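Naming follows writing order (A, B, C, D and E), and every chain is counted from residue 1.
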Amino acid sequence: MEIAFWILSAITVIGAILAITMRNLVHCVLSLILFFLGIAGHYLLLRADFLFAVQVLIYIGAVAVLILFAIMLTRHVTGTEGPREVLGGKWWAGMGTAVIIAGLLWAIIRKDPLAAMLPAGMASTSVTEIGRALVADWLVPFEAMGVLLTAALIGAVVIALEEVIRKR
Amino acid sequence: MDQVYKVAPQLLKFLSYLLGWLPWIGKPVAGFLSNPPAWFLLAVAIAIPILFVVSVFPGIFAYTTLVERKALGRIQNRIGPNRVGRWGLLQPIADGVKLLTKEDIVPRSADKFVHFLAPVIAVIPSVLLFSVVPVGAGLVPVDLNIGILFAFAISTASVLALFMGGWASRNKFSLLGAMRAVAQVVSYEVPMVLAAVAVVMAAGSLSTLAIAKAQGGGILNVTHWFVFRPWGFVGFILFTIGAMAESARTPFDIPEAESEIIAGYHTEYSGFKFALFQLGEYLASIAMAGITVTMFLGGYNGPGSGPGILGGLISMFWFFAKLGGMIVLTIWIRGTWPRVRVDQLMSFAWKVLLPMSIVNIVAVGMWHYIAIRPIAWVVTTLWLVLWFITLSKLAASENIEKREYRYAS
Amino acid sequence: MIQPLTDAKPYTLTPGSNGVIETQTLEVSIGPQHPSTHGVFRMDCVLDGESVVALKPVMGYLHRNHEQLAERMAWLGSMPYTDRLDYFNSMTNNWAYALAVEKLAGIKVPDRAEYIRVIMAELTRLLNHSCVIGFMLQDLGAWGTPLLYAFRERERILDLYEAVSGSRMMCNYMRFGGVRVNLTDENLATAKDIATRFPRFLDEFEKLLTNNEVLLARTQRVGVLPKELAINAGISGPMARASGVDYDLRKVDKYGVYGRLEFRVPLGDIGDVYDRYYIRVLEMRESIKILQQALRDIPQGPHIAPEVKLRNFKIPPGDGYGRIEGPKGELGFYLVSDEGGKQPYRYHVRPPSFINLTILEDMCVGHKVADVVVILGSVDIVLGEVDR
Amino acid sequence: MNVSLDHYLMLSAFLFAIGLCGALSRKNAIIVLMGIEIMFNAGILNFVAFWHYKYFAVLTAQMFAIFAISIAAAESAIGLALVIAVYRHYQSIDVDEMRSLKG
Amino acid sequence: MEAIEKIKEIAAQAVPAAKIEIINSTPAAQQPALLVDREHIYAVGKFFKEDPRFQMDFCSCVTAVDYLPKADKSGCIEVVYHLYSVAQKQGPIVLKVRAPRELDQCRVPSLTPLWRACEFQEREAYDLYGVKFDGHPDLRRILMWDEFVDHPMRKDYVPPPDYEWEPTPHDDTLQRAVEEGGIMPPTAREELEKAKKK
């Protein structure tokens, strides 16, 4: 448990750091996938099997692939990137904000009595329970989510196809 | 795993009995094995399924290549490999040695690290897929309660390897192949999952073992297979097509279409890396065949299968026989069909397979709520057939026509 | 796409290659090392995603200046070299060259030789068309199954060639004024056997292919060649007839004894890949008819005109153009003889597959990469002939 | 030392900060989106950790996680579509260059 | 098809400015040709293509012949077009046009705008004989590589002593290999030195 936690945390943090620091965009995405995998591993460790599958299916199978496609559509993927500036104009402000927020959160967590809590239970939830909950107590949000996803789907297509539609 | 854990003490006892005959070292080892500590039992219980998966399935892969070459040879009026060993039986070994000793070429401008990583990553998801395939009654490496979902999640990850390989090679043909592979896998994932949803609804569980169990019983353990239900039959066809597309088998092998883009994403791979790509691809296709068998063809169920050692062996036989049947089916299709084109492949997935799999889910619902079986049979069959006709009319290309030819006077 | 022919189109492959990304096109060079360019041939393609925006054929990798070799050699000396033009169809190449020389020198060919030539040419057509369909299906991704079916039949024909000429592919069989060796009764029996078996093979072949959904979807309305463009671009052979051009030199020129034989010329209406496939099947069926008639009618007699000298063969000054309907199209030889007359002063081959490539771009633009190789396969080129 | 809720909260705070840093300081719009995804994941990890350590019996946290993941997927789809549209317009995906919202 | 004299007459009426001559072939071949001057070959070709009596819509064969200068007459390069009619199934009409052998003057009008079939064949004639076709849309070498300098089918073409040392795109690479002391076969090095000396 402990070893697994530390290994997975290391993978996650390294993946995240590489994802935002690498120069080559595709390398960034590959590191991001490493990060997603680490998070998925954490879910498994936390006995959330279903979330593990959802994480892999959606983040690695869909989001990462989507990002790769976006990169393919917006650059010359075969060429190497030149020595371009990768950081934004006010990067120091962003860094500073991030450091301050990390410090604040750190302080809060240290103070909180809840934090030192140990696991409440170890059995995984069965998928049946999640399914029942989704269509009983959580039916309205579930349906709303369906509408949202449909809207997002149509919206994405419309935005991406804007030029083509305008041409017609 | 649980099953192994149960029988592990007996197994170890048997081993210790055998080892007891050895001089010097035999006695103490036998003593240790006949009364093992709990951690050792757990380790054995974990190690045996892993050993099983990594030894049996690559073996099947090796001989699948041989069977494929032989069968293709027969289809094409040839003999196929027959030089290495009797009937070419040692051919896979010779191939392996050849590939291992070949020079490993990395293009100068390639992204070396990603280029190296891609074939490795190609194999991992394929092997992981086997962890949820039940090979016999109660015999599954890991009985996850999210089994099917796990399988889909893992199989999506395999697309990354294809992309990495194609992108890192810095070859335009590789890149085209990678793009094709990604687009194809992503779009065939959807109808496949929906086809599986029908089965999950009928079996009431995501666990592969439970799905296989739900298909037992009936006459000779055969009549309750899902493929002998109207929705199951449709689902079987949808899922088989999806699985063939997902593992890029002919006629959906466009990511590596050798006549168009040379070899697609593995154009720039040679030697053992190439072999790893092949291994990953074949393992994924065998695992998908295994999942198809589990979900539709009754899994390990067959005449004589059941609990106990004999029943377990018979059930394993049935599983592997069905698996072999599925593999031969894909080879047969490969030998006789031309390849479809990219746009046709995509429109087939979105315009035919996807609506049909949604219709199929409705059919399962009908099947569930109509209590009288004969009526359920008639209603679901009618529903599916009508939709099939409508969809095939809608999706039919206006380009295809029957032609008459004239002769010059 | 028929372009206005007077507009000059400069050779620019990359639209807007000024360093700024304007279009996301990908320039891909299909060949010279590529599994389905049928030899060392290159197509410089500009792709937009998977669609072809521009395509330029690049040839010459196999150029060996065949014409100049022939101009340094006696008339008969280049007969074996014609075998190497279209190495699939050496018999018809021989015949075209022999025909051109006979025209120039005014040689009369005996009847039996003419019949033998017809038999050989039609056998060549059978083997070429069946293998071309096989190669095309291989480009479609059918793993060579139809090709190997075709090869099984080709094997029988090649065995007959070996029996009559001593060589399977480089036959070097025709001579000015006839053929090199007479056909024996045994050879004729083999030919008859082939002619009776071939229809069965064709039925089997068609059962495998003609109504295959994937084949229909991949070939119909792909690579359409309109009739006007086909005529204007000098397209000949099955490709032109698939576009509906009624032009078969066996009917038009009636060279050899084709005037005495009965056969029909199948024509397509659309001129796409499917038409080119099916026209070849129909032509094979007609070829079988011709074969059967020729085998029935073949007279006894000399196999070569006795007055033709092998050594010191001379032709009076002048020029002449002889052409035949080869399996790939109009195969012509333009020969000029000058005062000496011992060797050709000018020797020019009009290779059908070279000229049929002219409109490759017009057929491919707008289609997918996967279609390009199929269209190329349906054009039916042999690089030995394209590059000479 | 057992792994406690503390560890998970620290980890996710750290990841959140990394994501924020990426989202704020990189030029490339796609990397900005990736930073946002990292922050999302850090948040979801918190949900799951709290569920595991405190509210194990109720499924609320898992439900939230599922919904958050779905929303993140929708967000990334829309975001990338926007990136492509912006790229078409500006021929660049540099966030510093997108100064005008006029099409 | 009418006799060649008649054809010549009709063509001369249609394009009055053109100078048309009949060149007879051997009696056996019986393919007399019309020799048209360079300025009017396009007009004559267009006439034969469009006139309803001929409808020569199929340009079968285009080639060039190189005649070396002799004691009694000057040399020339002759471009030969073989025209057939698909619509009326008749032919051939052979058109010939002559140009001087000197490379800078060796130009004739291209007939590609009339018959697309000429596109590759005229490129070939340019490649092998050096005939420049005015109005050709894409006149490049087709069989020889782009960096090749001479026109190898000309009768006075002298092949270089070593074919390898035609200028090829490969030269730069080899040169660099020598300068960098890279790996190359000793014979190649010697020959490179030889070529340098020249």
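What to note about this one:
By definition in this document, contacts are C-beta pairs under 8 Å (C-beta built on N, C-alpha and C of every residue); 3 or more make two chains touch, one makes a residue touch a chain.
Values in this document were obtained by computation on a predicted structure and should not be read as measured data.
Chain pair with the highest count of contacting C-beta pairs: A-D. Taking the CA centroid of chain C as reference, the farthest chain centroid is that of D. Note on chain placement: the centre of chain B and the centre of chain C lie 45 Å apart, centres being C-alpha means. Rounded to whole angstrom, the centroid-to-centroid distance between chain B and chain E, based on C-alpha atoms, equals 61 Å.
Our note on geometry: chain A versus chain D, Cα centroid distance of 5 Å, whole angstroms. As a whole-number value, the distance joining the C-alpha centres of chain C and chain E reads 23 Å. Multi-chain contact residues of chain C (touching two or more other chains) are listed as 21, 26, 246. Those residues of chain C that touch chain B in the complex are listed here as 26-28, 34-36, 47, 50, 137-145, 148-149, 151-152, 208, 212, 214-218, 220-221, 246, 248, 251, 264-270, 274-275, 278-279, 282, 368-373. Only residues 24-29, 31, 33, 57-61, 63, 65-66, 80, 82, 86, 89, 92, 94, 112-121, 128, 135, 137-138, 140-145, 152-153 of chain E touch chain C when the two sit together in their complex. Remark: chain A residues 24, 26-27, 30, 33, 49-50, 52-54, 56-57, 60-62, 64-65, 68-69, 72, 77-78, 124, 126-128 touch chain B in the complex. Remark: chain B residues 72, 75-78, 172-173, 175-176, 180, 250-251, 253-254, 257-262, 334-344, 397, 399-401, 403, 405-408 touch chain C in the complex.
Chain B meets chain A in the complex at residues 111, 114, 144-146, 149-150, 152-154, 156-157, 159-160, 163-164, 167, 170, 172, 175, 179, 182, 186, 189, 205-206.
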